[in-house]
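In what follows, chain A forms one complex with chain B and a second complex with chain C.
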Partner chain A sequence: MKHATAGPRPWTFYVFASFFALFVLFLYGPMTVIYILSFQGPTGGLTFPMTGFSLRWFHALVTAERVGDIGGAFNRSIVLAVIVALLTVVLSVAAGLGFRRRFPGSGVVFYLAIASLIMPGLFVGLGIAVGFQLLGLDIDWYTSALGAQLTWTLPYGLLIMFAVLGRFNRAYEEAATDLGATSWQRLREVVLPILLPGIIGVALFGFTLSYDEFPRTVLTAGTRNTLPLEIWAMTTNVTSPALFAVGTVTTIVSFIAIGIALISIAVIQRRRTRGSGEPI
Partner chain B sequence: MKAIAWLPSWLQVAPVALILVLFFGLPMLVVVAVSFFDYGQGRLYPTFIFDNYLEIFSSSVTVRLYLSSLKFALIVWAVTLLIGFNIAYFLVFHVRTLLWQIGLFLLCTVPFWTSNIIRMISWIPFLGRNGIFNQTFMGLGVVSQPMEFLLFSDFAVIVAYVHLFTLFMVVPIFNSMARIDRSLIEAAYDAGAGSWGILTEIILPLSKTGIALGSIFVITLVMGDFFVVKVMSGGQSASVASALSNEISAIQYPPAAANAMILVAIVTLMVSGILRLVDVRKELTG
Partner chain C sequence: MPSGTRNGEIRIVDVTKRFGDLTAVRDLSLTIPDRSYCCLLGPSGCGKTTILRMIAGHETPTTGEIRIGGEAVVGLTPVQRGTAMMFQSYALFPHRSVLDNVAFSLKLRGASKAERHRQARELLAKVRMERFADRLPAQLSGGQQQRVALARALITNPRVLLLDEPLSALDEYLRLRMRGELRRVQKDLGITFIHVTHTQLEAIAVADLVVVMAQGRIEQAASAREIFTTPRSAYVARFMGGQNVLSGTVESVIDGHAIVADEHGASFSTVVDGPNPLKGSRLVGSIRRDRVSVSKAQGCATASGKVNALVGEVHAIEYQGSYVKVTIQRPTGEEFVANVIDDDFFRDPLDIGDSVLARWSARDVLILEGAPDAGAASMDEAGGMLV
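Here is the complex of A and B:
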C-alpha cells in the first residue's frame, strides 16, 4: 500500500529520501564550508586547505584594516530590521483582519501588494530614489530605505496573515461578543492570543527580510550603508576570508532570530495543548 | 449605510494601502515618467521624448540581453520545478508523521531567512579554480587540469539561482499538495489506478496552482536579478537587469527607466500567461 500510514516503506521512499538528503546537502553544504573557512589561519586563502585555526578574520572586521564601516552598518541594519518588523506586524495584522470581508477596493489593494512583491526590487528602489530627488528630499536608511523595505515585507506579512486567518475559527469571536466583550476586549483577549504564533511568524519574516534586503535598499540607503550593502562592496574588493567571517556573523544573527521565533511558537503551542487538551 | 459597514475594513487596510501607494505605486509612476526624460551630466531634464526607447529598440545588444535573461529564466525554472515538485511530493506523500513533516519543511526553509549574498558567495570555495570540486575531481584522477568553466560562468550563475530560488517552488507546491484529500487517492487506488496514474491524473492537476505560483516567483526573481549574474559570471555574462544596474551606476536614469519598463512589460506578459491557467487570489486568500 503506497499511501498507508503503517507497514513497510515502498522502495520509492528510499529514492525520494536520498534525493531529499542530497537537496539538503546542496542547501547547507556551501554555507557550512564558508563558516568553517571563516576560521582560516592567518596565511590561508579563500579555499581549502585550512592553514590553521584563527579568529584573525573576525578581528579584521572590527579593526580599521579595511575601508568601510562594518560596525556602523551592522547597528543600522539591526535597528532598521526591528523597526520594519514592528511596522510589518502591526500593519499586516490590521490589514489581514480587514481583508476578512470583501470591500470595495479590496481587489486593488490585493493586486498592488502582489505586484509589489514580484516587482524587481531594483526598480522599486530606482523609483523611490528618483522620486526623492525630484521632490528635493534626501535619501536615508530610516526614510527612503525603510519605505522601500516595507513594500517587500508588508506583502509577505499579508500573505502569512491570509494563511493564518484562513484557519481561524470565527466562532471564538462570536462567543466573546455573546459573552459581552467589547470589540477591544475581543481583539486583545481572544483574537490576538489565538493568532500569536502566526504573528510571531510575521515578525520573523519582517526582521530577516529587512536585515538581509539588498536590491531595494541599494539605491535608497544613501551614504550610510546597511550591512548587506557593505557585504556587497566587500565581494568586489575583499579577497580574504574576512568576507566569510562577515558571512558567519550575519548568519548567526539570522539564526538567533529564527531560534527565538521557533522556540516562542513551540512554547505557546505546548502551553495550549497542556491547558485545553486541544490545539486551536 | 453600506459605506459604514465597510468602514472598519477600510481603516484596517488603509495604512498598508497608503505605504504601498507612496513607496511602490508612485515610484513606479516616477519610473514611467523618467523613461521619457532627457538627461546629461548627471542631471534629469523633464521632457517627453521617445529617444530612450528608440535607442533600446535600435540596439543589437538589447536582443542579446533579453535572450540571455530568458535563457537563464527557462533553465532555472525547469530545474527548480523538477526539484521543487519532488521535494514537496516527498514531504507530503512519503513523510508519515506531522512532526517530521514540519521539521523537514523547516529544514528546507531556514536558508530563506539568511542572507542571499552570503549564500551566493558560499559557492566560490566550491567552484573556484582551486576549489573543492576541482580538488576532488583531480584527486580522483577524473580530470588532470582544473575545470575552468565551474566558476565565473553561466554554469555558476545557474547553480546559484537554483540554490537561492528552489525554495520558492517547494513552498507553494507543498501547500497545494498538502490540501489534496487523501481519500481521493485511496479511491483511485481501490479503483485500480497505478502510482503513475495517481500522479498524472490526481496529484499533478491538483498541484497546478502551487506550480503556477512557484513559477511566477522563480521567473520574476531570475528576470529581476542583477547581482547573482554579476558576481557569479565574473562579469562575463549579462542580463537585462544587470545591464540596467550598470546604467544606474553611471547615473543614466532615463535609459535605465525605459529598460525597466520594457522588462516589466515582458515579465507581466509571462505572469499573465501563467495567471490565465489558475486563480491565484482564490488560492492565497483561501
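Here is the complex of A and C:
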C-alpha cells in the first residue's frame, strides 16, 4: 500500500486525533495516578502530595493488617480464573467444532448461548443465587460463582472459536483421514495443533473475563470474596494507599497473563514460518 | 493397510450424489482401467470433484456403487480402499516439518521414528525434496509444496492416487513441468491416477482416458485423441475447442452424401454412414479448425450455391507460433474459427475487417449427437477453451 501523496490533513484527522488523545488520557491517566500513589510514603494518604516513596502499602497487603483477606481473595480469583479458562477452552472448542455441522436447531442453540451476553449480569447472578437457594445448595465461589462466570465466558469463547474456525481449512482434516488417522488422532495430531494460537486466545479471554468479573459474581460468591469483590469492599472501608497497591498488583497479574498468551502465540507462529523443524 | 489386491481398476456403477436439492452427480457409470491416467474434465460445478471425493471416501454416494479392484468400497476408509488424495490446497500440516508431514501416516500406524523418517526421506528423494526435509510448509514455494504433498500421498503406497486440480495453484511454467512429472510418476509407479481439472490442454496432455463432464453427467469418455478429433456431441466439440459447430436441415441425400444447409446461407455436406437421414431433419456437424482454409472474398462473393463454405468478416487474428488463429464473424454474428498454418497465412496475410471465404472438405465434417446448443450455456463459465 502506498500512502497518498503528502497534502494537508483533512479536518477529520484532527477530530479523531483529539478524541484518541482524550481516550488515552481517560484510560491511562487515572491508572497511572493509582500506580504512582501505591508507592506513597508511610505517612501519606490517598491523594497527592507524595510524602515519600515506600513499599509500605504492598507490605500491608501480605500482612493483612486492616485490609481484610486480600491474599485469600487473590488466590481464589487466580484459581477460579484458571478453572474458568480451562472449562471455557474445552467447552467452546468442542462447541465450535460441533457447530460447523449445521444440525437441526443449531441456529436456536446458538442464539440461546449468545443471548447471555446481552442479559444484565447482576440479574443473571441474582437468578443463580436464588436458584441455588431454592435447591438448597450452598453458594460458593467455586460452585455458583463458577457457573455464573461461565455464562459470561462461554459465549465469548464460542464467538472466538467461530472466528478461528472460519479460517480453518477442512482439507487438513480430510488429509489426516486420508492418511489413516482415526477421529481422535485427527483431533490430537492435526486439528488442535493448528488451532492452538486461537485456543490460547480463548483461554486468555476466559482468564481475564473471570479475573475481573463483578456483576455476575457479586451475588453468587457467597461469604468468601473474589478479588474484585474484595477490592469493592475495600473502597468503602479502607482509607489507605493499600487500596492503590492492590490496583498495581492486579494490573501486573493481568499483564503477565496477557504477556504469557501473546508470547506463546508468537512462538507458535514463528515456529510455523521460520521454524526449527521440530514438531510442536 | 491397503487391501490385499493391488488392482487399481475403478468401477463406478449408477452413482447419484445429491446435496440437499442439488444433484451433483446423476446416474453416472464409468470404468477406469487399472494403471491408467484418467482426467475428469469439465467446467466448475459439473460434478468432477464430487466423483473424485466419492472415490476417495470423503463423500458417500446417495445411490449406486463404487468398486476398486473388484471390491465394493462404499463405507470403507481411504486407507482400506487403498486410495490417497492430493488436495487442491495441498493441505500440508503447517505445524509439522516436511519430513514429519510425509512421515505422518507411518506415525499413525505406529512406525518407529527412525523407520518412518527413513521411508519419508526415501520418498522425498524421489520427488527431489530431500534438501527441504527440515523446513516447514510455509517456507516452501507452491511447486515445492506440491512435491511434498505428492510424497505424503504416495507414502501410503496407494493403488489409486486422486488429484484434485493439482496444478491450479501453480504458475504457467511450473504447471507445464509438473504435469509432465505427474505423468512420469504415474508410469514409474504403475498405479491408477485420477486427475480433476477444468483445463482442456492439461487433460489431453497427460491422460490415457479423458472424461468430459457436464452437469453431473458424462458427455464423453475416450482417449485424448478421440475426444479431440471425434467429439461425440456439440457440447464436447465446443468445450474442447478445436472444432467449429454448424447445424442445419438436411436438403438432399445423394450418393451417400447428405447436404445440410443452415438458415444463413452456409451449407455443408457429409458422408452418410448408416441409414440415410430424412430430408428436413436437423443435423449438427463439426469441422476441425485446422482443416479450414481461408481466402479473401473477391468482390461481393457469397457462399450461396457453394457447399462446405461460408463467408464472413475477419474479426480477430491471433498469432500462435506454428499457426494463426483467424476468427471469422458471420453476418449472423456467429463466430467461425480457422487455424491457418503460419506459412500459408503469411503468403497472403489477412487483415481484421477483410471479407473472407472459408472452405473445408466433406470428409472433415463430423456429425454430432444431440441438440446444437447443448451445453452452450455452460461455455461461458468454462473459460479458456483450446485455441
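In this section, the second predicted complex is superposed on the first by the 246 of 280 C-alpha atoms of A that agree within 3 Å, B and C clash if a C-alpha of one lies under 4 Å from a C-alpha of the other, contacts with A are read in each partner's own complex, and residues count from 1 in each chain.
Methods note: a contact is a pair of C-beta atoms (placed from the backbone, for glycine too) under 8 Å apart; a residue touches a chain by one contact, two chains touch by 3 or more.
What you are looking at is a predicted structure, and each value in this text was computed from that prediction instead of being measured.
Of the two partner chains placed by superposition, only chain C is touched by A:T177; chain B is not. Of the two partner chains, chain B is the only one that A:V109 touches; chain C does not reach it. In the superposition on chain A, A:F58 makes contact with neither chain B nor chain C.
Partner contacting the larger number of chain A residues, of chain B and chain C: B.
In the superposition on chain A, A:Y142 contacts neither chain B nor chain C. Of the two partner chains placed by superposition, only chain B is touched by A:G166; chain C is not. Common to the chain B and chain C contact sets on chain A is no residue at all.
By the touch criterion stated above, chain A contacts chain C in their complex at residues 169, 171-172, 174-182, 185, 189-190, 193-194, 196, 268, 271-280. Residues of chain C that touch chain A in their complex: 56-58, 77-79, 83-85, 87-89, 91, 93-97, 99-100, 104-105, 107-109, 133-136, 138-139, 152-153, 156. Looking at the complex, you find that chain B touches chain A at residues 6, 8-13, 15-17, 19-31, 34, 44, 83, 86-87, 89-91, 93-94, 96, 104, 106-108, 110-111, 113-119, 121-126, 128, 130-132, 135, 163, 166, 182, 185-186, 189, 195, 198, 216-217, 220, 223-227, 231, 241, 244-245, 248, 253, 256-257, 260, 263-264, 267, 271, 280-281, 284-286. Residues 1-3, 5, 9, 12-13, 16-17, 19-20, 23-24, 26-31, 33-34, 37, 46-48, 91-92, 94-95, 97-101, 103-107, 109-110, 112-116, 118-124, 126-128, 130-131, 133-134, 147-148, 150-151, 154, 158-159, 162-163, 165-166, 204-205, 208, 212, 214-215, 219, 228, 231-232, 235, 243, 246-247, 250-251, 254-255, 257-258, 262 of chain A are the ones that touch chain B when the two sit in their complex.
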